[in-house]
Structures are given as C-alpha cells and as structure tokens.
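Order of writing sets the chain letters: A, B and C. Residues in each chain are counted from 1.
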C-alpha cells in the first residue's frame, strides 16, 4: 500500500519535472539542466564508490570522453549513434581502469584515478595537435536546453532506478561486503573482480553519457574545458556530503550544493570563495553524517533511528 | 550553539531555494526607466581568472565607474541614465558561463551584456547572445574563423583579429630583417598546447614558409610546463637566429628567466601572452628591452596615454598593452552607439557594424563586424612596449634588431 | 647532452620533491588529507613576493620569517579545525572523508582571502636568477637551491624520524594513534606537531618556488595535485619516497622533452606514475596496509 503510494509519487514527480520546460523560465531551465547533470553524476559515482569505498577521481575522464566523442562525431553520425559510440568508448576505458582496482586500494586508488584523468587529457591534447593539427572543436547541433534537459532527466531517472535495483540485488549485497572487508567477500564466494568491474563499468558509462549529452550546450569544446578536474571533485564532494551509501544521498547532496554555489556566485561574486569555504567547513561540523541523515533526524520519528542503525557499518 | 547553527544553515538553504524560485519580476517599462541594466559573467576564480583579471575585468570596472561618474549613459534625447550592474563569476567553467548568460538575458533581463574572457567562452555564449538578440563585442578571442562566425551570429563582433594576422605581420617583419642581413633564415618555434598556442602556430607555419623561412625546431609543450631548459637548450644549438614562442603568461615569464640563465641570446626573441603585461617590464627591468610579442601601443597616441593613466588611477594597476585598450574601446563604441540609437539592441548592433567611433584606439570602423586596424606586433623599447607592426601604419616604431644580449642582474 | 639532461632533470625533480614533503608528513603522520596544501604554498609565495618587492627583504631572509609563520598557521589549523574532526571520526575512512570535506572548505577560504588581497594577477619577480655551472650543465641558482633544500630536508627529516626517540614516537602515531597512546605517547600532540611541520615545509617550498615560477591566487590546486602525485608515488609518509618520486618525475620530464617530444612530457610523467602504482600498489617505498 505504502509502496504503491511511493511509486505513484515518484512517477508524478518525474512527470512534473519532465513538463518543466513548459512552465519555467529559460534561466530556471538552465538551473535544472545543471542539477540534473550533477544528480546523475553524483548518483552514478556513488553507485560504485559508495558501497565499495573505492573513491574515484576519474569522473572527469569519462565525462570528457563523452563530450569529446560528440565533438568529433557530431557532423558525421546521427546523434543517437554518437551517444552509443560515446557509451561504448566509455565502457572500453572503464573496463581497463576497473582492472586497476584489483591491485590498488584506498588513497592510492584515489590518486591513481586522478592521474589517469590527467593522462587521458594529455593524450587527447597531443593527438589533436599532432594528428588533426588543431585544438578545439565546434559542435553545432540543433539541440536546445530543453532537449538536453529531457535527456539528462531520463538518464537521472534511469541511474536512480539502476542504483535502487543494484542495492536490492545480490550484486549490491556483494558490493557492501567488499566495502567492509574484501577478504571476507572473497571467502564467501563473491566473484570480486566481476562484481567490481560490472559496477564500475555501469557507473562510468553513465558519466560518459552525461558528458556527451551536455557538450552541445557549449558550442566549443577543448580539452581544458571538458577535462576540468574540478568536476571530479565537485561530484565526489556532493556525493560524500549527501551520503554516498544511500540511494537518495548523492542527489540530496547535489541539489542544495548546486543551488548554494549558484546563489553565492550570483550574490557575492567577489567574495564567493571565502563564503563558500566557510559554509563548507560549517556544514562539515554541523552535519557530520551528511545531508540525508540530517534531514531524517530533523523529520524525526522512527525512520531516522532505523536509518541511523542500519547505517552503522563496522569500521574497516 | 549547534542547534542555532543548524537552523541557520537550513534557513540559508531555504532562502536560496525561495530566492531562486521567485526570481526577479518583469523589467521596468522603457519610458519611465531610471537606469540601464548591464550585465556580465566573467571568470573571477579558477584557472581563467589570471587572464580575465588583467584584460577584461578592470576595464569593465573602469568604464562603469566613468560612465556613472558622468551621470550615466547618454540617450539619444540627451537624458543620462546610470548603469545598474549585474555581475557573475563563471568560475572558469563552460557550463557556468552558459547558465550565467541565460540568467542575465532571461532572469535579470539586462539591456546589454558584456562578453566573458577567452576564446572558448566567447564561443560558448555566442549562440545565446544571438538567440536573445544581444550584440556581443568579443575581445579576448583570437580566431581566424571570425568571418564564419559573423555569418552564423550576425550580432557578434570580433575585435582582436585572428592568428593569421599576427603571424603574417611577424613574418613580414622578420623577412625585412633577413633581407637587411640582420638575421638568418632559420626559426625555432615552440607553442603551448592550448587553443591560443595551436591557433597561432598553425597560422605561423604557412606564414613563415611563404616568407622563405626555414622552421628548424617546431614543438608544442603542455600547458603547465614550468621547465623550458630542454627546449631552450635545443634552440640555442640549432643555429636559428629567431626564437618564437606562442606561450601563456606563466610560460612567458619562466622562459624569459630561463633564457637569461642559459645565456640564450637569439637575435629575435618573440614570446606570447604576458610580454605586454606591465608586470613583465617590472619583473625584467632592463632585460625586457628588445623582447617582442603580440600587440603593442603607440606611446605618442594621447587618447591611449590618457586611458592608461585613468586605468591606473581607478583600478590601481596599469593595463596590459595588447587586449586591454581594445576591451575599453569596445565599451566606448557600445556607449556611443547607445547614445546614437538608444536602448534598441537591433539598432545598436547595426550601428556598431556600420558606424565610425572615436575611441582610445583612435578612430574605429569595423569591417564585416571585425576590427582590422590593430597593432599586431610590439617590442619593449626604453621601458615601453611599443608597436612595431604593421610597419606601414602611422605611429609604428622601427624594430630594434638584433636584440641586445641579456645583462647580468 | 646526456649529462645536461640528467642534471637538469634531477634539479627539476628536486623542486617537485620539495613541495611534496610537507604533504607526506601531514598525510602520513597526522592522517589529514589536506586539500588546502597548495594554498599554503601560494600564500607563502605571496609573502616572499611582498617582502621582496615592498620592504626589500630578500626571499632567503624571508624564509626565516615565513617558515615559522607557516608552522604557527598549521598548528592553529590543526588545533582549531581538524582536531575536533579527528576526535569525532570513528575510523580511518571517516576521518579521510571528513578531512577532505573540511580542507576543501579551507582551500576556498585561503584562496578567497588571497583573491581579495592580491587580485587575480600573475605575480612574478626575479631572485637568484643566474646560471651556476654544475658538472658542465648550466643550472639556475634558484632551482639549484630548491634541489639542495629538498635533499637536505628530505635526508635530515628522514634521519630524525628513524634515529631519534622523538621520530620513533611520530612514526608510532603514524602506524596506530590508539596504540601509541598506550605506550605513553601523546598522539594528539604528535599529530599536531607533524601537521604544523608539514605546513612549515609547504611555506618553505612556496618561498623557494616564488623565486622562479609565476603564480596567481588560484594556482594552489596545481601544487596540491603535483604534490599528491609525488606523495602517493613515493609511498605515504615516506620522505625518501617523496624525494625519489620527485626526482624520477623530473628526470622523466626532462628526458622526454630532450629526446622524444616536449608535447608528451606530462603524459609521460602520468604514465610512469600509473605504471609504478600498478607495479607497487602502495608506492615505491610504501608497505601494503
């Protein structure tokens, strides 16, 4: 009964959001594009990194690959095919990167993925200069902000559903065991390699698609723009702030943070950095368990206590 | 304490949401308006802040202050309306600059928008300026594709020329020096692997070849390189008299220092963005003399001298000697066009395309929405970065070649 | 040619190692992943620039003033901001997340203050910019100084950490703060001291770097990232590791630029970094945890 209501509510929410371009101003639509993008990025990121605790900074590598694929192919292939090719390239790279998780863990994995993103950027730059003889490509696709928004919204809904399905399936359980203790996981008959690889690939392909979908918005694409490492950090920060181990955590980290950035940048363009930094430190101190946990506590009742209890993962 | 802070955070977040949801109402009617709304989004933080902070932002600040000190923008009927400024920080992100421009156009409903900094960002916002009907006076964008862009976006204006213009001017200057017997026909050339460097180096290859030069060393280095000694060492041993670097400011500063250390004394030393910064002259003193680059000024041009003086008074820093004066002049053109045509954006755009304007650059008339009368090459002489190319333009100084060897500091 | 490339590469590597050493102390001993590290470096660079240009105190003398300031700054940051987080965190993983989030905020605060104070301009001055002949290679004196300092600090601190009682205590805290407390070591004091020392080293790096490198208020991130690469490649908390990793990166960069293609220098350094990690998953000198 309650379940049905939840489903109906979610479907209604999706419908309301999908109709947004019909009733909001272009600026709000722009905001929604940004929010949908980051919600998808953070949720996809957390799908792998949350339960396994492999913190990845390779986000922008996949995002950039997606954007660049569109820039390279937008004139030669029909758009849906371009997206497909982008996803396939993302998948191939993800499988190679995913293999590194067999050897690396902790902070070594974090910085490994960062180095990897930079390597991809350097190689793309080098290739463009030496093989194509130019840097910077133009994307002239007839896509307005509403088209980009709808695509991102669909992808966000898909990502959340996938994340929900994973958390309920055997894979999700396996991942949690991996995050808690890899040795135990291996002993309990979990195929570590396959499980980790599958999830990392799924997460990376989604991130690649976000890049591919957003790229037509900028007209001009060059490595410095699409491989901007800030994106990896923002995604990570949003997911961690919201709570990376829960379905709605990353989304609830992404939305308020995104709006906060926007509000600060618009109202205090000259003191943006200082205020943002101070707010950030404040948030870390007053919301020790992430936004979602805070919200649950605030709304009180048993839901919060149950969530807090199930949250208590044993220390690694 | 904790509770109080928590509530504050929550309240802030709620406020944010409400503010964003409600937004600003409609704009005032034209008749009873008391101000002109002008907006811009520019990189105040992030990797692009260094460039924006010298060529773009100070000129926006200076211009707005001057206009408002004079009582505001003059309208065709002689009435003056003060500028109401809306500014955003795009945080050096393409997605942010796109959204900020959407916000300026549709939420703040500004009367005119000033462009962001950088080639990539100007291109990113060009479709939006076009869709919302705003003229775009793009300055900090060096592109050879300007004629194409003007066709695509008829209200876009490209004021800093293309890579081709600069390399042709350099090639003809070098060809003259070679024909005079000052330098040989070999060139070493390095470039930064970023939009600017690649645009210029791609234009430079045919320019040099056509002028009969032999490029003996031609490499590209990644942005962020700090040590240039391997490249300098290669260039100092290959017999080329000319060293050309299409570089970014940190690289330009570093190369100048490292060339001194290596006692690398090419007869022509041409470096990229940064040579025209006043800080370059300050950091290198005597040793700046003879270094060449893009841009330059005519030190005897009074309008320009007056502009530089005001710039320093108002913003506390001297302008750079390439893009700054063009940025400022583009604002003067906008101001004059508004004076002639009022706040009708279509009429102002047409006026910018066809009118003739008196600016800090002298008299300006655009050709096919582009500024073609530019200083394309300059050289530090007697503590000033003077224009030396095109040589046939009035006010050009004669280049002093070969460049004197470095002095020990 | 080969000797020149070798020496230039070593000196360049020394400059990388110098900037990374403070971070390896902060992360290795105090267990704080300090994302605001590069901002400390840049703040010191601005300090050196101001002293040199406004008051006429040369950067070498400036070191005597700025390095202690860096120490005090680190001491205060740890005491005021990070200690409560350390106390609150249940385990290493949650401390990592908390310190990343908090120092991410600190990064913006320091950067914002510098933006307001100094604007966004490229800052550069010239000091000790003359050539020194080292075995036939012509090296800039300011870079040579960075190299010498890197080796001296790296070697000196390594000896202190391995040969003295005090160093043993610090290492004990690095391995296990809770067990260190059992044998009478004040873990909190040790961690705070190591963090402050790391800040002092960052400040020293900033002063030296400012002599030859152009910087802006927003370029701290670049230093943090380079330092992180060096620290991880060397093995967390290992000073000799950081030193060797820095030197390797410098050598790779110079050799690729000299013999292959300057366009591939950064690609090559990242490639070497990734390859070394795959070969030694806890860094060159690290032990698997």
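In this section, a residue touches a chain if its C-beta (ideal position, glycine included) is under 8 Å from a C-beta of that chain, and two chains touch if they have at least 3 such contacts.
This structure is a prediction, so every number in the text was calculated from the model and none was measured.
Visitor: If every chain is a node and each touching pair gets an edge, what shape is that graph: line, ring, star, complete or other?
Guide: complete
Visitor: Based on the averaged CA atom positions, which chain is farthest from chain A?
Guide: Farthest by centroid: B.
Visitor: Roughly how far is chain A from chain B, going centre to centre by Cα mean, in whole Å?
Guide: 35
Visitor: If you average the Cα atoms of chain A and of chain C to get two centres, how far apart are those centres in Å?
Guide: Comparing mean C-alpha positions, chain C is 30 Å from chain A.
Visitor: On chain C, where are the residues touching two or more other chains?
Guide: Chain C, residues with two or more chain partners: 111, 115, 263, 266-267.
Visitor: Touching at least two other chains at once: which residues of chain A meet that condition?
Guide: 122, 125-126, 129-130, 270, 272-273, 279, 282-283, 285
Visitor: Using the touch rule from the top of the page, what residues of chain B touch 2 or more other chains?
Guide: Residue numbers touching two or more other chains: 44-47, 193, 220, 222.
Visitor: Which chain C residues qualify as touching chain B in the complex?
Guide: Per the touch definition, chain C meets chain B at residues 4-5, 8, 12, 15, 111, 115, 119-126, 129-131, 138-140, 212-219, 222, 253-254, 257-258, 261-263, 265-267.
Visitor: What part of chain C is in contact with chain A in the complex they form?
Guide: Touch list, chain C to chain A: 27, 33, 81, 84-85, 88, 90-93, 96-98, 100-102, 104-113, 115-116, 221, 225, 228-229, 232, 236, 263-264, 266-267, 270-271, 273-274, 277-278, 281-283, 286, 289.
Visitor: Report the residues of chain B in contact with chain C in the complex, numbered from low to high.
Guide: 44-47, 49-50, 52-54, 57, 190, 193, 219-222, 224-227, 229-231, 233-234, 249-250, 253-254, 257-258, 260-263, 274, 277, 279, 283-284, 317, 408-409
Visitor: Tell me, which parts of chain A touch chain B in their complex?
Guide: Residues in contact with chain B: 25-31, 33-34, 37, 122, 125-126, 128-130, 133-136, 138, 145, 214, 217-220, 222, 224-226, 228, 230, 256, 259-263, 265-266, 269-270, 272-273, 279, 282-283, 285-287, 294, 298.
Visitor: Under the definition above, what is the set of chain B residues touching chain A in their complex?
Guide: Contact set of chain B toward chain A: 2, 5-6, 9-10, 12-13, 16-17, 19-21, 23, 44-47, 87-89, 91-96, 98-100, 102-103, 105-107, 119-120, 123-124, 126-127, 193-195, 198-199, 202, 220, 222-223.
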